[in-house]
Structure formats: C-alpha cells, structure tokens
Amino acid sequence: MAELPVLIGLLLATAAGTAAALSREPVHQALVLSVLGLALALLFTLLQAPDVALSQLAVGTVLTPLMVLLSVRKVRRRPREESPADGRGEEG
Amino acid sequence: MNKAVRLWVLGVGCAGVAVLFAGAFRRLPEFGGSHHPYGARAVAAALHRHTANVVSSVNFDQRSFDTLGEQAILFGAVLGTVVVLRQAKDERRVPPEPAVVAPTVRGYALVSLPLTLLVGLYVVAHGQLSPGGGFQGGLVVATALHLLYVAVDYRALERLRPVPVFALADAFGDAAYLLLGLAVLVAGASFLGNVLPLGTFNTLASGGIVPLLNAAIGIEVAAAAVVLLAQFLDQALELVPRDGEHR
Amino acid sequence: MNGRRTERGRIRRRERPAQPPYAQRPLFHRETRTVNLLPFFCAGWLFLVGCYALATSRNLIHAVGALAVCQSSTYVLLLAVGYRSGGTAPVFSDVPPGARPVVDPVVQALTLTDVVVGATVTALLLALVVQIAKRHGTVDPDELRELRG
Amino acid sequence: MNGWLAAACLLLVLGLGPALCGAVVGPVRSRLLAQNVATVLAALVLLLASPGYDRPAYLDTALVLAVLGPAGTLVYERLLAEDLPRGTPWPGLARGASWASVAVVPPVVVPVCFAVAPGRTTVKVLVIGALLVAGSAVCGRALAKAPRTAAGEGSGG
Amino acid sequence: MTAERVLPLLVAVPLLGAALLVGAGRWLPRYTADVFGLLVSGGTGALAVVELVGARGEPGPVEWVAGWRPEGGSGVGIVLVGDGAGLGLAALISALVTAALVYSRRFFDEPPPGQAGAFPALLLLFQAGMCGFVLTGDLFNAFVFFELMGVIAYALTGYRVEEARAVQGALTFGFVNSLGGYATLLGIGLLYARTGELGFAQIGAALDAAAGGGDALVTTGFALVATGLLVKAAAVPFHFWLPDAHSVAPTPVCMLLSGVMVELGVYGIARLYWATFAGPGGVSAADAHWVLLVQGVSTAVLGAVMCWQQRHLKRLLAFSTIAHTGLFLTALSALTPEAATGVGVYLVAHAGVKAALFGCVGVLLDRFGSVDERELHGRGRELRFVGVLFALGGLALAGLPPFGTALGKALCEEAAGPGATVLFVAVSAVTGAAVLRTAAGVFLGAGQPPAGPPHFAPRAAVRGEGKEQRPGASERRGADEFGTSDGHDTASGPEQEGEPETTGSGEEPETAGPVTRAPDSMLVATTALLAGGLAVGCVPALWPHLAHAADGLSDHSAYLAAVFGSPETPPASAAPSWRVSGVLLDLLATLLALVLARTAPRITAGTRRAAWARPLRRLHSGHVGDYVACTVAGMALLGLLLR
C-alpha cells in the first residue's frame, strides 16, 4: 500500500477540481479553486515534487483568488441592466 | 447555435476525446515505473554543474531557453494586462475608501509581513539548493507586500509601493536575464551557457550562472506580480465611470 | 526495464526480462491494474469536466476558473508520467546524491513553467472579462450580442 | 508507508475531505471557514510529509503555506465583506470547526519536533506551528464575529 | 560568434528591445519609441536574412542552447534548427512586424499613460514569440512560444478596450487558443512518457527505434499536439476564433495575425509530421494524408462560402485567410517536397498580399470610420491609390500572374493533383471575387447602391433596448446625419430580419480622429507589402531558396541527421518556375473571379442572401461555449480520422 497517500491525494484533487468546475457562482468557485490549489499542492508533494508544490501554493493561495475576487467585485459593482423587465433580483 | 445543439456537440466531443484518452492511457508505461532516461541524464548533468536542486538546474541551466520563453510570457502578460486594464477615456480615478480593520487582523498582518518577506527572500536565495527558486520566491515576496492591503487598506499600500518603480524592476529583471545570456555569448561561449565558476556543491554560490538567473527571475516575478495586482486593485477600488452614476 | 513492483499485497515479484527501452509493450498488459491507470484517468477526467464547465458556463469569470481546472489536468498528467514509486524529490540539499532513487526532474521543470503560464493566462483573461463587463454591461456569454454571422 | 504517512492519510481523509465538502455547500461564511480549516490541515499534512519521506527539505513547503495560508483567507474575508452578513446556519459547528483546527496543530507539531534533527530544523517546525496557530486563530475570530461594518456600506477600500 | 551561436539572438534581441521600451517607456517620446522598435525588428530581420543566405546549399546552423550538445545520441539541452524553413519564416515575420510598426506610426492617439512604448513593445514580443516558434527544434519549447504568441495576441486583439466587440473577440480568442495549448501539452506529456524525449528529432528517432509501427498512444499524441497547431492554423472546426479576432483587432495586428501567425500553425503541422511522425514508428502517411485532406478541403470550402457572405471588410478578409489555410493544408496533404515548395511560395506571397489588403481596409476605417461594404458604397472614389492597391490585392488573391500567389497556387495544383486543382481554382476565384466585389462597390460605386438610405444601425443593442452612444463616438463621425436607427439591425433589406450578421458600421477610427487623406506611413507599408507579394512571383533568385527550405522541411532523415550533428545535404529538388499549364489555370481563376465580381452586385443587392448559408452563419455565433464545444468535437474528429 505504498501508493496510498498518492491515491488519496489524487482522489481529493479530482474531487476538488470537479467541484471547482461545477460551482457556477464565481465567489463560490473562487473558494473551491483555493481548496483545489491546496489539494494540488498536497498531491505534488506526495508525488515528490516540492518545487511545483511551492509554486502552486504561491500562485493558488493569494495571487489567483485576489485577482478573481477583485474581478468579481468590479463586475458586481456595475449593477445588472436596470431594465424594469429584469425581475430576477440580485444576480450572483 | 442554441443550448441543446451545443450540449449535443459537446457530448459527442467529450465522448470521442474520452475514447481517445482511454486508448492512449492504457498503453502508457505503468505508473511509478523506474524508466526515466531523460531524468537520469538531467540529474547527472546537474551534479556535474554542482547544482543541488536538479529542477532549478533543468530550469536555469539545461533548458534555460524554456525559462527565457517563460519569463517572456510573464513579462508579456503583465504588459498586456497593463494595456487592457488602462484607464479608459470615460473613467475617472477616485481615492479608495479607507477600510476598518479588526485590530487582531491588523496586528497579525503587520507581524507576518516582514516574516513573509524573509521567507520569500530565503526561497529565492536557496533556489539552486533546496526546493524553491526565482518563481516561487518572487511570488511570495509579492504576496508579502500585499499583506499591507490586508492589514491597513489600499491607500497605505499605494503609498508604499509606487507602481512605476515596480514596472521598471519588472523590465530590469527581464533585461537582466537576457543581458546575462548575451554577456556569456560575447565572452565566447554559447548563449546562456554556464561558464561561470561552479563553486563547491551545496553552497550558496554553487551552480555558476544558475543563482544569477534565479535572482533575475526572482526580481522580475516579484515586480510583475505587484504590477499585475496593482492593475486589478486599481480597477476594483479606484476606477469608476466618469459620468458619476454607476453606469 | 525490470519493473520492480512495490510490496503490494499478493502481487508476486516477477523478474521481467530486460527489454530494450522503447520496446512495444504487449497490447494489453495483463498486470495493468486499474489503480495503476487512475492518475491518467483522473487527468483525463479533469480535462473533460473543465471543458464541459467552460462550454456550458453562464458567467465568464466561472469560465476562467473552468479553464484553470482544464490546466490542472496537465499538471496531474505530467507529474504522474514522471513519478517513480519509492523515488524521492530530485533535490540533494539534504540527501547525498545517488543514495536514493529520484523522481524525474524534467517533468517538474515543465510543470513549474506550466503553473506560471497558467497564472498569467488567467490574469489576462480576467482583465478582458472585466472590460467586457464594462462595455457590455454583462458577463453572461448568452447575452453578448456582438460578432455574429 | 510509515506512521507519519498513515497520520497524513488520516488527516487527508478525515480532515480535508469534509473541509472540501464544507467549502462546496452552505453560505459564504461557512465556506470560508471550511477553506481556513483546509489550509491549516494541508499545512499539517505537508509538515507530516517531511519525516514521512525522511526529507527535511519538505519543511519549506509547509513554511510557505503556513505563511501564505492565513493571508489568503484574510483576503477572502476582506473582499467578501458584502457576502458574509448572511450568517452561518450552524454557528456551533462553525466555531467548533475553527477551534478544532487550532487544537489539532500542537499534537501534530510536537511529535514532528522530536522526529526531525535537533537545532535549526526544530526551530523551523516550531515557527511553522506558531504561525499556524496564530493564523488560524486570527482568521477564525475574524470570521466568527459579526461583520464589522454596517451591512449597507461596502468596506474593503 | 559562429552562425550557430547567433541563432538564439533572433529571439533574444526583440525581447531585449521590448524590455528596454517598457523600462524607458516613461521618458521616451512617442517618436523615438517607434523608431527604436523599427530598428530592433528590422535588425532581427536582417540577421535572419544574413543567416539564411550564409547557409545556402548545405543545411542551416543547428545550435544546442547553452552548449548542451548531446553525447552518444542523447542530450538534455534544447536545439534550435536554423534550416531554410525556420530562418525564412523568421525573416518573413520580421518583415511583417517592421511593416506593422511603420503602418502604426500615426496610431492610437493616447498610449496608456506613461507607456509610450507599450504597443511597439507588444509587437516586438509578438515577433520574439513567433521567431522562437519557427526556430525551435524542441516540442515543449514550441509550446512555450505558442503560449507567448497567444498571450501577446490576446492583449493586442483587445487593445481598443473602449470597443465592446474588441474585448469579446479577444476573450473568445483567448479561451479557444488556451484550450488548444493545453491539449498540445497533454500530447507532449504522452509522447514524453513513451519516448523519454522532448525534441522533434529526438522523439522521431525514439519512435523509429521502437519496433512496430505507431500504436494508439502515438496517434493520440499526434492528434493532441496537432489540435493546438490546428487551432492556431484556424482549420475547421477550430477556426471560429479567427473572424472574431480579426474583425476587432487593430489593423497592424490583423496584418500579423492573418499574415503570418495563422500560417505558423500550418508550418507547425508540417514540421511536426515530417520531423517526428514521418518515420516508421510515427503516423502512417495514409493517415496523415487523410487528416490533412479532410481538414484542408472543409476549411477551404467553409472559408470561401463565408467569405462571400460577409459585408464587414475585415471579417471578409479573415474568412479569406481561413480559405487559404484550407488550401495550404490540402496541398500539404500530398506530403511531397514539391507540395512543400508550393505551399512555401503560396504562404510567403499570401502573407504580403493579405497584409496589404488589411492595410487598405485600415485606411478606409480611419478615413470613414466604417468598414461596412454597403455603408462605404461609392465613397472611396477619392482614395484612388488605395483603390488600385485593393483591386490588385484582390486580383493577386484570385491568382493573377505574375503575383507570387499565382505561382504558389500553380505549384500546389501541380503537386496536389486534379481533384485539388478544381478546389484551388474555385476557392481562389470566390475569395478573389469577394475582394474585387467590395473594391468595385467601395471605390467605383459599381452596382446599385443598397436599397434605401444607407442605415447607420449602432451595434445591435443588448436585449432590444437602445444603447446610448458613447459620448465620444457620435459627434465625431461625420456621416451621422443619416440618423441612427435603434434596436437590432433592422436595416431596410428584408433578409436583415434577425439575420445573424456583424456589420462594419459604427467602428472607431484607430487614429486620433478621421484623417483627411490616407497617411503616407500607411501607404508606404501597404505598397511595400504588396510589392513583396509580387516579388515572390517575379524574382527568380528567391525560388531556389524556397525550394531548398521546402526540401529541408519535408525530409525526415535529413532533419534527424542535421540535429544529431551529421548533416547530409538533402537531394535538391528543382527550383520552382512558371509553367504554361499553371499560368492558364491562374488566368482561368482570375477570369472566374472577375465574372463573379461583375455579376455579384446585381445578385446580393436586392434579393435574399443565400438562405442555405444561414445555418452556417448562425454557427458563427460569437458565443464562447459554442466555440469550445466545437473545439472538443474537433479533437474527437481528429482522433477518429487517425484511428
């Protein structure tokens, strides 16, 4: 069972990736992408690649989430079309 | 095409690609096999050049032309983002609102800022020895600067990190990498060749040109990340449409 | 290539004749266990689920995230290709060189380059999405009316 | 497959799995808590990997995550100020989870301290442990409290 | 400083120029930044030509970067191969970038604050990426330069951020090309797993050494790597990004995208097949022939049909580029050195002619603020010289001797056989006719003016509400007195109802304001490019070089020998030359184009446009999801074709 950690890391990364892809709302996706970054960093360490794990951590913990959230904030700051027909209320 | 057709096309495409993958993955060498000829040659070449971290040796010595292209991508993407997110004619710049920050968060962030900076510099400096290198260390240093945004607010960050200086540092790091290669070429060896004294194995100055290229990439990545985040922070916190109401 | 199997349950250790490095493997290797192919299928799955999410996305920021998931499939495949069971990281700052088998360093260099490329492409696409939101007033690809025909 | 890796697998299955589920369901505040817990547990797994694979060099990864992890959570908390007021349906579970993540750090860090070579590496492990405890506590508190600003006025200048 | 050592400079010099431009951007006046950019790109072009001429006859310089020469047949370094094809394309790239820099002298009234050198720096980075892609002999290095080209092209396409279309076109371009790039990387991972090598030649040698032909892994590796290259080459069904990107990009960027970047995809496919997969262990010749033929014919036909339907001039030229990519792939499917020579001549000449056509359209855009064929009807009479250039460009596309495109087309028809000849004549006739039709309509006012007042519909409003004009746009456009009609494109023509259509109206001129007369920097660049296209057909001295380049490209064993250090000169095939049969076919195609252009205004002005083509037009919906779905379907199709 020497490959068990790699196996678990792999399943975790795949689950996180699937969750990140399928969560439609950008804020929720940003959070799950952050967890995906963590899962990938763990998988890389279990696959004996600390350099790649470091770069994934450096990119995935602060840089990408900050960019995504600032984009969401900029996009959300523009109110959706004020046309009266738009009764869907606050859109994510 | 409407949604149904698109789903159909996508379904057929994904099924076909899945079959393609299955056929190929079954014929791959088994996972965890011990046959890595290129890897063995790379380890031998790295040890020959007294570089302890073989990945850094591959990145900055054996396949340094890849890293040349890679840092050009980073430089080009940051320049592209600066161009795409520039202030348009119908926008104006407003000072960002001050933020109220809980004292514990402020304290923690201000304490961890120098520590993060130290860790980042450590990772860059030991690039050719322990895991890490110019890319990873540069990003950690850039993140350290943005802890100031988390600790205080964007106005404080803007005062302490003038974007033009970092844009210059970005260009300097990029040019330094190229000038190092050209210097070696002028000195008679081939472009980006590792002709500097190799130093003793597993010491800070070992690896000949690797630590220098590492430092150049570290400067460029740190500056590039700061400029990149500056564009997004400006867009989100400062630029508003000129005609006042949020059109 | 004597594929030294790890001590895995009842798999009996079998000395395989040393084949020339690129010898054509028998088409269906009897001992290929599904657990052996899991990393590659995970990579393939991540690529396809990323493409599905990208194609059916109703929010361009979500689409950029889906593209990042597609890219993570390339990390998994590259590192799975370079893995060696029982091998350690190819960094000799704390272990003497040659003492332990090492994992393939070249794929790690490739993946490292790919991670940083991914970050930069994500940044540029997010910048374009911000500008689309500014000019179109929406980030839903179904509502973008330009460039038809 | 020594004891350290077994502990790491345990942490992966019993800790990170539920943290991922927590990050997928529920309101933003509980998802953010789950992300914070995931960060701490990931750092612990990285910490366990060092003695597990007998590689002191792997501590750098744990150190970088211990330093950057809380910063990421604080960035989320700062920029999602508008989404947080919706509160958590199970406040007890959220607070319990954040305290659990802080509580699980010492029982992992202390054995690792003894396992690694004395001197510089032990100091590094202790620094990582301290950072994890401090970061997780600060993030836990920042999330658990009521939103600092009135719901209407968007903060985060 | 031998010829080998200087090869990496072709990439390093433009990069250094871009770094200096950005670094000194704050203090450089606009003029010096442009001149510096010109010097750097011109210098790189000169270096490429010197290396090309220096290596005539025997195979070009081969450089292992950083001195990592292989020992015993295997090494760790990256190889740069300066053979005829690589250096020739590097020279073509540098020439086009220089022309684009000259063309954009009066462009973009306000560069980003403090970044006078941003646009020239981006063009230099684009040149470095493309030069790197054509010179590298390493597959992963090619992926890195593929991504560099892509990232810069997304930023350049979305340069005019105030334009709603530009940012949407740039984003779809970004998504589709990035997806293609990641597919390529998956393919590289598979090939690395099987062969343990990363170079074109090294993988080829390893595949040949393995006993038995290529199995499913090798064909899947080829399909995945080819996906990225076919996305870049805009072959059907990966082509959707190209018309969107071209109809929004600034004109000098369109010149580069259509002139040479798309052609690099075709070069990439040729290099990938001949250097790596042409040996016994690779993809069988029959499979490769079949894939290239199917892709080529479908791309050529779709490009021609859609080109004829367009009224947006840049989009029309974009579909003409797709049609010509189809022709290149069809000719390549013959897999012979003669076919490679024909494609080489056609590609180089097409680059000059297409870039010149885009230059003319740019002048129209800056003079009238519109690139819509119906809206500009008869208003181009005052730009007589531009009209002549535009008509000559159309004739060159149709294949009028002595243009290089005619010579290339004749060679390709000869190499590709009778079936393809019909396709070549038809497609070049239709695309040439489309350009000639617009030339006649815009510059001569031929055919009846479109029924009713030329409408000025602002771009289709979102969900029906009128979108108020941006403050800057309306008062600047001179011809606004026709009044703007609100809502969707409810132009007068009945077939306009809900018709998926991108009109060229309401565009922003790219210079500070509408120019009174065509700026001379634009005319100089456009004329030089067209002259380049003509020179390829008229200057016999170029032909041996093109033949030598094609031989080097299309010879598997010679490439492997050159890389592994024992260069053997490939058997020199005869230099291309004009033949009577080729000239006759060219004249036939040109005649066909003229007849079609002559009768066309009566066909399209009043009656409904071809109804059968409406589903095809609806397919180009500008929706990212559709394009990604088609890309994935294309990958599956490639896998099916190779099974």
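Letters are used for the chains, namely A, B, C, D and E, taken in the order the chains are written, and counting of residues starts over at 1 for each.
Please note the rule applied: contacts are C-beta pairs under 8 Å (C-beta built on N, C-alpha and C of every residue); 3 or more make two chains touch, one makes a residue touch a chain.
These numbers were taken from a predicted model, which means no experiment stands behind them.
Engineer: Could you run down the chains that neighbour chain A and chain D together?
Structural biologist: In this structure, the chains that contact chain D and also chain A are B, C.
Engineer: Kindly indicate the chain pair that has more C-beta pairs in contact than all others.
Structural biologist: Counting C-beta pairs in contact per chain pair, the top pair is B-E.
Engineer: Comparing centres built from CA atoms, which chain ends up most distant from chain E?
Structural biologist: The chain lying farthest from chain E is D.
Engineer: Can you give the whole-Å distance between the Cα centres of chain C and chain D?
Structural biologist: 26
Engineer: Rounded to the nearest whole Å, what is the centre-to-centre distance of chain D and chain E, using the mean of the C-alpha atoms as each centre?
Structural biologist: 50
Engineer: Just how far, in Å, is the C-alpha centre of chain B from the one of chain A?
Structural biologist: Once rounded, the distance between the two centres reads 18 Å.
Engineer: If I count partner chains per residue in chain D, which residues reach a count of at least 2?
Structural biologist: 53, 55, 57-58, 60-61, 64, 68, 71, 75, 156
Engineer: Two or more other chains in contact with one residue: find those residues in chain A.
Structural biologist: Within chain A, the residues that touch at least two other chains are 1-3, 23, 30, 48, 50-51, 53-55, 57-59, 61-63, 66-67, 70-71, 73-74, 78, 81.
Engineer: Going by the touch rule set out above, which residues of chain B reach two or more other chains?
Structural biologist: Expected reply: 6-7, 10, 13-14, 17, 21, 26-29, 32, 35-38, 42, 53, 55, 58, 63, 66, 70, 73, 77, 80-81, 84-85, 88, 123, 130-133, 135-136, 140, 143, 146, 228, 232, 235, 237.
Engineer: Please name which positions on chain A make contact with chain B in the complex.
Structural biologist: 3, 50-51, 53-55, 57-59, 61-63, 66-67, 70-71, 73-74, 77-79
Engineer: So in the complex, the part of chain D that touches chain C is made up of which residues?
Structural biologist: Counting only chain D, the residues touching chain C are 53, 55-58.
Engineer: If you look only at chain E, which of its residues touch chain B in the complex?
Structural biologist: Listed in rising order, the residues of chain E that touch chain B are 1, 4-5, 8-9, 11-12, 15-16, 18-20, 22-23, 25-26, 63-68, 74-78, 80, 110, 112-115, 118-119, 121-122, 125, 128-129, 132, 136, 138, 140-141, 144-145, 147-148, 151-152, 154-156, 158-159, 161-162, 167, 170, 190, 192-194, 196-198, 215-217, 220-221, 223-224, 470-472, 618-619, 621, 623, 625-626, 628-637, 639-640.
Engineer: Note which residues of chain C are touching chain A in the complex, please.
Structural biologist: Of all residues in chain C, those touching chain A are 6-9, 35, 38-39, 42, 45-46, 49-50, 52-53, 57-59, 61-62, 64-66, 68-69, 72-73, 75-76, 79-80, 82-83, 85-89, 91, 102-103, 108, 111-112, 115-116, 118-119, 122-123, 126, 129-130, 133-134, 137-139.
Engineer: Which residues, counting only chain A, touch chain C once they are in their complex?
Structural biologist: It is residues 1-3, 6-7, 10-11, 13-14, 17-18, 20-26, 29-30, 33, 36, 40, 43-44, 47-52, 55-56, 59, 63-64, 67-68, 71-72, 74-75, 78, 80-81, 92 of chain A that touch chain C.
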